[in-house]
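See the structures that follow.
In what comes next, subunit A is part of two complexes: it sits with subunit B in the first one and with subunit C in the second one.
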Partner chain A sequence: METAKKTQEERGAGFRRYKTKNLVIELLPIIVLALLFAIYMTVITIRGYKMELQLTRLFNQAIVLVTVATGATFIYALGSFDISLGASVLFACTMGVLTYNATSSVALLLLVIVACGVGCSLLSASLATFFKIPPFVTTVAMMSVLSAIATTLININNTSGGTASITLPLNLLDPISSVWIKALIAGAFILLCVFVFNFTKVGRRIKFLGGNPTCAKLSGIPASVYTIIAFGIAGLGVGIGALLTLAYTPSVSSGTAGSIGMNIFVAIVFGGMPISGGAKSKIYASLIGGFSYMLLNQILLWLIGTSMNGVAQIISAALFLLIVFLTSLNYRTRLLPR
Partner chain B sequence: MKKLKNATLLLSALGCMTLASCGGGKGGTTAAPKIGVLVADVSGEEAQAFRTYMTEYVAKQYGATIEYTTALENAADEKSAIEDFAGRGFDAIISMSSSDRAAQLATCVQNKIYYTVGSGMLDDKVYETYKGNEYFLGQIGPSMQTEYEAGLAMGQYYKAKGVDHVGMYGAFIPNPMHVFRAAGVIVGLGDTYGEASEMGAIVGQIYADNGIQQAKIGGDVTVDYMAGFDPTTTYSTLGSIIGSGIDAFLSVGMATTFFSQNLNDAKIPYGDIDAFTSSNGTNMSSGSLNYLAGKYASSLGPVYALIANAKNGHSIRDAQGNAPSISQSYAVATSSEEFTALAAKESGDTRIFSKEVLDSMIGDSVTYDAFVEAVQKERI
Partner chain C sequence: MTQETIVIQEKEPLLQVRNIVKTFGIVKALSDVSFDLYPGEILGLIGENGSGKSTVSSIIAGMQKADSGEIFFQGKPWSASSMVDALDKGIGMIVQETGTIPGISVAENVFLGEIERFRVSHFPFAPLNKKKMNQEAEKILSLVDLHDISGSLMTGALDFVTRKLIEIAKVISKNPSIMIVDETSTALNQTGRQTLYRLMKEYRNAGKAVIFISHDLDEVIEQCDRLIVLRDGHFIQDLPKKDFSEDGIKKLMVGRSVAGDYYRSDYDGSFDPEVVMELKDASIPGSLDHVSLQIHKGEILGISGLSHCGMHTLGKVLFGARQLSDGEYLLHGKTVKNEANAMREKVGYVAKDRDTESLNLNASVSDNIAIAGLNSFSRGNFLVLYPDEKKYVNEQIDELQIKCFDRSQFVSTLSGGNKQKVVFGKWVGCGSEILILDCPTRGVDIGVKQFMYHIMYQLKKEGKTLVLISEELPELLGMSDRLIVMKDGKIQKEFPRSKDLRDVDVINYMI
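Up next is the complex of A and B:
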């Protein structure tokens, strides 16, 4: 009797330890974000930097990444990958600028940007569905095609004496260039994504497909339909991201949004999302990861300096691996996710 | 679990307290200026030579803070870098990156930080818009016309040598600097591009073609063309060109960085528009480099003088109150002796735009005319 009671107590203690460990791991991305923010603010304070300007800059750096990455979370939740998102932003920006310069219509500019973002993503998904190949394969092809088209259009319509670029009138998008308006636009999109991802059948089924595609198929969930929906939402994020990009700087060159494709991947994983997608996918991962990644890069640049940028990149990569390792602890050993 | 929650709350509180205690700090100022340099190229020898001059010579001679960015890829990177410098209390920006110079200038004006152009030139329209603005201090460097003429002179040099089959490296076209140089090389060789032989028409076609199409180069001198850099394919392309029996290899930039060993080994005479660096000296003395047009590193010195004057409350302005726009030409060496003579003036603490020269360009008594004269004075 006493032995049974002791065993039960031990089991209870073990369960509590297990729950605590999981909670720590669950909260780790938020803790890292808070820690990085505290360090960031400390550096600003000690060195006497202009806080408002630096915070605005941080927001502007992160908001495009966070917006596009939040949409892309639907693709990642499927266990898929889209490397063409940066090129899609570039393409959407290019078409938007060319449209405005041809028509002088802001409404058309907005329409074309969003249509291009959604269209590019849907094309990737449709090709994948039609040819029955993994979506990330089509996105590799799309990345090259979209970059080439955008670069050619920019070169043909180049208006710059410097690096080839096309540009909107400098103050055209001023009405949406303030931090609050940008936050409102991005926030509305992120809230929509949170709602769809966490509270609708679409979100649940996408996670189910990512977690166990065979089981999902046997349950009658059509993978092709939800792949197209996931890419469509990601495309909307691309369109909004392109708009925010142009609101920050009105010119587009072949290097525009060049680093976004890979940064999205880093941000999502940094935010605690499993690479394999599935049930443990978190819609807020890109929000946390995007800001954490930008904070980390900025802190390293300030502390180490640009002349030692290689060292900063190595430290950034090492921290990235460490965080991915720690956050993956609570889903690596589980049986349910594949 | 409770402890964990407390720890999280503590961290958040720490962040908030830090935030609250800041209240918008302001960067400290010193007598010497704090300068941020925007760069797109961080690896080329030319870029490194400039960087060494600014950070190892000017910064030490004047006690100035001169900080370079990482490689900037686009206009958003440039704007963000300017905001970072402004947010850290820097006084001025030197722009050697050109994704969107109009946006760079607007950002500098908005953040009340001085702006200068150290490489290339502003579009005429942008210059006209900002030439009277107090935060625009001026531009000093090769104009696109100068870039074209540098290519032209190199083409003419090899044409005069009697070449009838050359290799040509277009580097990173559509980088405008390389586009204009390449147009000059084609014309200098006596060839045409798309049947055009005038700078504007050729440049327009190169942009429209998104590069140079070898088939469109016509004329007496046969040109085997290559561009870009991909370690997996570029060297085999170069090998094919060398194997085709070319008389010379003309590059509009960075051949000495990528191909000097191949060209020296094959004993192919080659020319480049690059920089007066020690490795190029070796390529001239021991290799087959026999034409080098380059900016010498200290040619960036006058830009520093513009900033130092502005920092001291004496911006250099012409009679109409406009910021200076001064074109600098390239130095050319066609022999090891010429190279050595020039390099001797540009090594370590010996500089063409030395502290002594720069001192003569800094001060309340320096007029616009005196400044322009000092920049354009023949020093080589």
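Up next is the complex of A and C:
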């Protein structure tokens, strides 16, 4: 009797420690974001930079990353990843610009951008389902194909004298180029994702599938259907991200959105998303991680300077590895036998 | 103390475990556990799920470190950096769940960590002499009576029992002084069990020692020379063979008397004549051979046989997880193409391989219970709200008396018995009218077993259908309205429920 009581007390204390530890882990990305923002603001103040200008620039850079990453969280929750997201944004931008230049229709521009984003993602997922191969394999192929098509189209329709590029009329997307409208568009998409991810059967099933595909199959969750849904949502994020890219810079070159695929991966992990996906996946990881990553890059750029850009990248990479190590450490302790 | 025990204990202990303490996040798994292991004995380590048996044995086997305490092996302080290191130094362990790697060959699994010795030269990237490696692996496999398994086969293609035997072979090939057998026998068929018992006895006779962990009290009593009882991470008693009694051991394990009314007490094997599932000439090459079967509403259909008899495949077919090559399967008169089809017809499936097939270990109790019942509590068949989910999950936790701190606790931190209750909650909660239970009491302690039999009988009385696939004849005889015996993918015999039915009557048709 005494043993049982003692054990119960020990377990109760253990559970409180466990909850506290979990809470700290949950809050850590937010604390890091706040810390980075404080450093960012300090540097702006000390160096006398124009605050509004810097904040607008930070927002414009981060919002595309955050939007695409939020959609991509559905793929990461499956325990998979999509390396072609940057190429998809480039492709969608290219097709959008070419469509407008051919038809002068903004409605068609919007339609084509979104259709291309969703279409590219669905194609990756469908090919993976059809050939029964991991989705990231098809995204590797898609990355090459989409980049090649976009670059070819840009070269053919090149309108500039220097680096090959295609452009929209300068003021065409002015109505959506303000920070507030962009925030509204991205915010609406993020809210939609939060809703689907946390409050619908689709989101719950995607997370479960990512945690254990075998168990998910034997719980009536068809992997192919939910993979296609996840990629479809990610594709919508690509389309909206492409629109926001064009609203920021109406010119598209082969380098547009080039690094976004890898940046998303790093940003999501920075935001507290487990690298293996599953039940602990968090939709807000992209929002927190996207801004944290952009803040970190900017701070390192200011402190180290553009000539030492490589050092900044090495520091980012080291931090990335540290976060993955810490999260996997937590993951491993939970799997020890009893 | 028996004469044999006295003789054993006059020797110096082979292993001394002193005041071991281990904590896993929320749980203190071991509190000051101490015991000795002597050469020439088979020591049973018993206790309920979560009592700390696997934890203490995994510490001994180098899988993890204790928070405090000491271990002495052959009189010297013992420490091992990994299981491979421990095995090299003389202590080997066969783990509870599958310890083989599916994506590599059988031979590569057998020689895991020592593949280098099969390179044709000392150059690190030299090719492997696979022929030699396979031949040596096959020799080792013959030690566990696996005479027809090629070393070149992919491990993932083999069934659970064969993989377990490969793991045993891997350990004994190193000839350790101590062999730890952690909850292995329930994963084996009768032949595999006999092989394991033979090996354990050979170990004892050679002056080595075995730590044997099992929930099957009959085999514990039969095979072990001495028992150490653990409860909630505490040492409870050191029990010599002369004091072995089933009721006494149960009481020590659970901390209270376990009533004798283990299975259902009635012999009324009646059920509704309505056919809910029907197999017509069902065949899958190598697994099922023209099986025809009708399963009725309100029936507990027991399916028995040796591990390779096709009964586990049959369970998967009934849930739509395996498709027939030939023949027909009708569920409520409709064909079933996949698991989702079966679930729509209110079929649930408790898989044998619990940790891989039935549970998402890296998810909470809530996630696991709710996943099959999303259709039951979602609004508009779409919207999942936390209050609805909380109510749904808490009902299952209360009903099934799942020991967890709250529904957010990760399933990986629960004991085996409570994990299995979560699986039951998952399928009972969503209103399954038909439950396919493949070895549902594998690896769970007597208290949980008794509870599960009670739930099964309750479900039958509610008019639900249960297909009970098991390698434990007593539970099949104790629970089934009708018992079929399978062999080589065919139905050999059918027995109605009867108090006169004995296990020997059934075994004759199994082997």
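Everything below uses one rule, namely that the second predicted complex is superposed on the first by the 313 of 338 C-alpha atoms of A that agree within 3 Å, B and C clash if a C-alpha of one lies under 4 Å from a C-alpha of the other, contacts with A are read in each partner's own complex, and residues count from 1 in each chain.
Assume a contact is a pair of C-beta atoms (placed from the backbone, for glycine too) under 8 Å apart; a residue touches a chain by one contact, two chains touch by 3 or more.
For clarity, every value in this text was computed on a predicted model and none was experimentally measured.
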(request) Please work out whether A:Ala216 is in contact with subunit B alone, subunit C alone, both, or neither, and reply first, second, both or neither. (result) second
(request) Answer with first, second, both or neither: which of subunit B and subunit C does A:Phe15 touch in the superposed model? (result) second
(request) Look at the residues of subunit A and decide whether subunit B or subunit C touches more of them. (result) B
(request) Considering only the touch criterion stated at the top, classify A:Phe208 as touching first (subunit B), second (subunit C), both, or neither. (result) second
(request) Scan A:Leu53 for contacts with subunit B and subunit C and give back first, second, both or neither. (result) first
(message) After the superposition on A, what does A:Ala34 contact: first (subunit B), second (subunit C), both or neither?
(response) first
(message) Applying the document's definition of touch, where does A:Phe199 land relative to subunit B and subunit C: first, second, both, or neither?
(response) second
(message) Give me the intersection of subunit A's contacts with subunit B and its contacts with subunit C, in residue numbers.
(response) none
(request) Mind listing the subunit C positions that touch subunit A in their complex? (result) 23-29, 31, 50, 52, 54-55, 58, 63-64, 95-96, 231-234, 255, 319, 321, 338-340, 342-343, 349, 351, 356-364, 367, 370-372, 374-375, 378, 381-385, 405, 409-410, 412-413, 415, 426
(message) With touch defined as at the start, can you tell me which subunit A residues reach subunit C in the complex?
(response) 3-4, 6-7, 10-12, 14-15, 17-18, 21, 199-201, 203-205, 207-208, 211-212, 214-222, 276, 278-280, 331, 333-338
(request) Show which residues of subunit B lie in contact with subunit A when the two form their complex. (result) 1, 4, 7-8, 11-12, 14-15, 18-19, 21-28, 40, 55, 67-70, 73-80, 83-84, 86-89, 98-103, 106, 111, 120-124, 144, 174-176, 207-208, 210
(message) So in the complex, the part of subunit A that touches subunit B is made up of which residues?
(response) 19-20, 23-24, 27, 30-31, 34-35, 37-38, 41-42, 44-45, 47-54, 56-57, 60-61, 151-152, 155-156, 158, 160-165, 167, 170, 245, 248-253, 255-259, 301, 305-307, 309
